[in-house]
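What follows is a pair of complexes built around chain A, which joins chain B in one and chain C in the other.
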Partner chain A sequence: MEQKLKQEAKSLLEQGKVDWIIGFEPGSLKFTTTPLITKDKNDADRLVINPFIVNNLANFLTEVKGRVGIVAKGCDSRSIVSLIQDNKVVRENVVILGVPCPGIIDLGKVERLVGKDRDELDDIIREGDKVIIKVNGEKKEFPATEALFDNCLACEFPTPQEYDILLGEPKPGALNLAQSRGNIEKLEGLTPEQRWDFWKKELSRCIRCYACRNVCPACFCQRCFVEETEPQWALPVPRWQDNLIFQIVRNIHVAGRCTDCGECERVCPVNIPLRSLTREMYDIVDELFHFKAGMDKDALPLMTHYEQEEAEEFFR
Partner chain B sequence: MTSKKIDKKDIAKLLGQWSRQFAVLAPSKASGVAEMAEWDGTDTSFLGWYRNTVIPPKASFFPPMEEMFRFQKDREGYHIELPPTNEHKQLIFGIRPCDARALAILDMTFKEAYEDPYYLPKRSSAVLVGLGCTNPYDSCFCTSLGISPAQSTDVDLMLTDTGDEFLIEEVTDKGKGLIAKTSGLKETTEDDEAKAKEAKETSHNKVTRKIDTEGIGDRLLAFFDDEDYWEKIAAKCISCGICTLLCPTCYCFDINDELVRQQGTRFRSWDSCAFPLYTKMPMENPRLEKWRRVRQKVCHKYEFYPMTFNVIACTGCGRCIRLCPVNWDITQTLANLPVKTEAKRGKASNIL
Partner chain C sequence: MRQESEWEPKLVGFLCKWCSYAGADLAGTSRRKYPANIRIIKVPCSGRVEPLFLLKALRLGFDGVLVSGCHPGECHYQTGNYRARRRIAITKKFLEWVGVEPQRIQASWVSASEGGKFAEVVADVTRGLKGIGPNQLFSQERKEDGAKAKARG
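Here is the complex of A and B:
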């Protein structure tokens, strides 16, 4: 798969079919990758596909000018389609190099499984439905579902639905729906007061680094409401109440655009379980509007149109 | 330097003694993220998991958010009410040498450049008890910045792990004074000193990430205008604030008022030069393009701060590398600076 990607990327650049390639290359720390954004065909040899390609590269599509060849997992391809729906990206300008994705390894989960930090591990290997962790010369085997990101366990479409070149065989999805919603179900079991206290505690840690927003392809506003000063919807001060408003409004803004790629939660430096909000919204959108984000590039974006049958009286 | 020692199992007793006199802060994950937090009176489990905190200890002196004052408006004008001064002195237990150095670097801004009335009282009354690293991260590169992971500088007391015990060095007079009033400590032997010395060397050698800081300011100056280079290295940056807000030496802050009816509060909170809206309020952000903001972050630490204070404003703590959403790595940026052909002086119009 990786070899095919290198060849395809190189020939796309050589033949002038794209100006840019956006993919992954090895990161500077163990078990990491890092986005590679390049115009140079010689860089194609650095491209990798492995269980650590965490980033949703669709985020960079709106940053480069010209035609782009982009590596996309299932969730990323849906983010690209969603951007096409919103007229942020022109389909003809993108060559999607689709990666059928078996799920991405959550290093946080791996660390908790073996009680060691990532840089103390010798190796992490994905083998079918197992993940093998080598530490201090010892081999430990776990079911893959225990080491993958929660959103990967829920992923219904691990194989890109929209692509130009598919780099491998389609992969099965929805590996463990119940486990993927574990944290959400726990929250749903609480009383509203307990949930309020939960989010108050979690959001008290927010430092307003805005990584959750900036890493999100669906967050493409030129100026985020939370930084508006006239009117000032929320203070740009990391007070939990203002943090709560930021997250609630961000969630509503990405409803129908969020593909549950899980990046917001992964990048949060203070471990706020943001996916418990975004996935809940994803499921509500599906339940109420029978809409899954980024499935059909010709569909109208959910939140920018309405149907005659809309339930709300004031919409008619 | 005089020293004492203590059994590891007696650390809770030691912190208990100090708690009577200080607000003792120690590494904690109770809030959901590793930070220096008020010690709960019993928990010493951090001795097992603590490598470094995510939130840098600067937060104890320069918090993510603080009230500067409250104000009230009536017919006579504005009335200002200053926040109550916290009389409780802080003792930070377990600060790493990189972060202790970072506070010394912050002092240059908050004490020498101007006297910050919020930072300084907390800082000057605090006691720093350092704890040498035994297991630095693969992202750590302190030794390239002239810091050793178990060195005893920039703190009042320094603890070194010698196995079942900690050796405690009395670094400053403040530290000596505290030890004089502390009971339950044991005298050290030459053997203890030798063990501590060896532990320090071992941890020093565990830091494998290196950068070359020789002439780094000049090298950055030479390529200040190399737009191609900065655009290339900035391409994957997402302009979030992780690397700056969580940098132990970054000190930018924003000021915001909240006015509800006639009652107001003025806050200051961490700000970041990575944000497109940075300094938008007083004028415009002169660094609209992302590459200018990335360049600013690198050059402020390695070129501009040394011009003013003669010290690099980076301690190699590695947080910016560990926590970056896209694995943007400052050590690579510095290592990959284009080979110098001829020094080009930055045009004044381009200095921002």
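Here is the complex of A and C:
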């Protein structure tokens, strides 16, 4: 898969079919990757595909000019389609190099599983539905469901929905929906007041670094409402009331665009379980309007169209 | 000295200019009595109402929000209320998930000829708000913390 990607990327650049390639290269730390954005065909050899290609590269699409070849996992491809729906990206200008994704390994979970820091691990290998961790010459096997990101456990479409070149065999979806919704189900058991207090507590840690917003391919407003001063919707200081308004409204704004890629939760420096919000919104949109983000590039964005009969139960 | 009166909920109503605002007007001119708890804001269309308006109202301490517009299919701008419907639906459902009491976010269709319905809706929403008590969602101290805050002075 990786070899094929390098060849395809090289030939795309050589033939001038694209100006840019956006992909992953090995990161500076063990078991990490970092986005590679390049015009140079010799850089194509640095591209990698492994179980650690975590970033949603769709976010960079709106930032580079010209035609772009982009490496996309299942969720990333849906983010790209979502951007196409919103006319932020022109389909003809993108060459999607689709990666059927077996799920991305969460290093935090791996560290907790073996009780060791990632620097002390020799290797992490994904084999079928197992993750093998080599440490001090020992081999430890764990079910993949214990080492993957929560959103990967609920992944319905690991194979890209839209692609020009598919780099591997298509993969079936959903490993374990229940496990990935663990936190959400716990919250569902609470009263509204307890839930509010839960979010109040969690979001009082927020430092308003806006990493969740900046990493999100669906959050593409030129000017975010939290930065508006006339009127001022939410103060730019990290007070829990304003943090909560920021997160609630952010989620409402990305409804119908959010593909549950889990990037917001991953980048949060204070580990706020943001995916419990985004996933719930994803499910609400699906339940009310039978709409899943980024499935069909010709479909209209969720909030710009309507059905004659829907959602009447909310109105008197 | 004035006795401390019983708590009355404060309700903010976003009424569309073409139907619900005229409906409220009709309720007045036909001498229909409805609770004075509602503070009405005229908007050009229910489609003008952003989720931010609702959040801001709750943040400012209003106990409830009512969004009201023309019946589906009767929008002055053809599609405004259909769009509002989608937006209000996800906002209401999502806010309930985060922990806002469902009674606080209300929506209705009231046409210009439905003064009676408007009075009923406002009465009903106010009753619901009285049932759940004041909005303490964004207040610093809630119930159990109240005593502590008082002790601090």
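Methods note: the second predicted complex is superposed on the first by the 309 of 316 C-alpha atoms of A that agree within 3 Å, B and C clash if a C-alpha of one lies under 4 Å from a C-alpha of the other, contacts with A are read in each partner's own complex, and residues count from 1 in each chain.
The definition used in the following text is that contacts are C-beta pairs under 8 Å (C-beta built on N, C-alpha and C of every residue); 3 or more make two chains touch, one makes a residue touch a chain.
None of these values were measured; they are calculated from a predicted model.
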Clash or fit, chain B versus chain C on superposed chain A: fit
Which of chain B and chain C A:D197 touches, first, second, both or neither: second
First (chain B), second (chain C), both or neither touched by A:F289: second
First (chain B), second (chain C), both or neither touched by A:L277: second
Which superposed partner A:N214 touches (first chain B, second chain C, both, neither): first
Contacts of A:I37 with chain B and chain C, given as first, second, both or neither: first
Touching partner for A:I132 - first (chain B), second (chain C), both, neither: neither
Apex chain A: angle to the C-alpha centres of chain B and chain C, given in degrees as a multiple of 10: 90
Distance in angstrom between the closest Cα atoms of chain C and chain B, superposition on A: 9
Overlap of chain C and chain B interfaces on chain A (superposed complexes): none
Residues of chain A defined as touching chain B within the complex: 27-30, 32-37, 55, 59-60, 63, 117, 119-120, 201-202, 204-205, 207-211, 213-215, 223, 227, 229, 235-239, 263, 266-267, 269-272
Contacting residues of chain B [partner chain A, same complex]: 31-33, 51, 54-55, 64-65, 135, 137-139, 235-236, 238-242, 245-246, 254, 256, 258, 267, 269-270, 272, 275, 277, 281, 321-323, 325-329, 331-332
Residue ranges of chain A in contact with chain C within the complex: 187, 192-199, 225, 231, 233-234, 241, 244-245, 248-249, 251-252, 255, 277, 280-281, 284-285, 288-289, 302-304, 306, 308, 310-312, 314-316
Chain A-touching residues of chain C, taken from the complex the two chains share: 51-52, 55-56, 59, 72-73, 79, 82-83, 85-102, 106-109, 121, 124, 137-138, 142
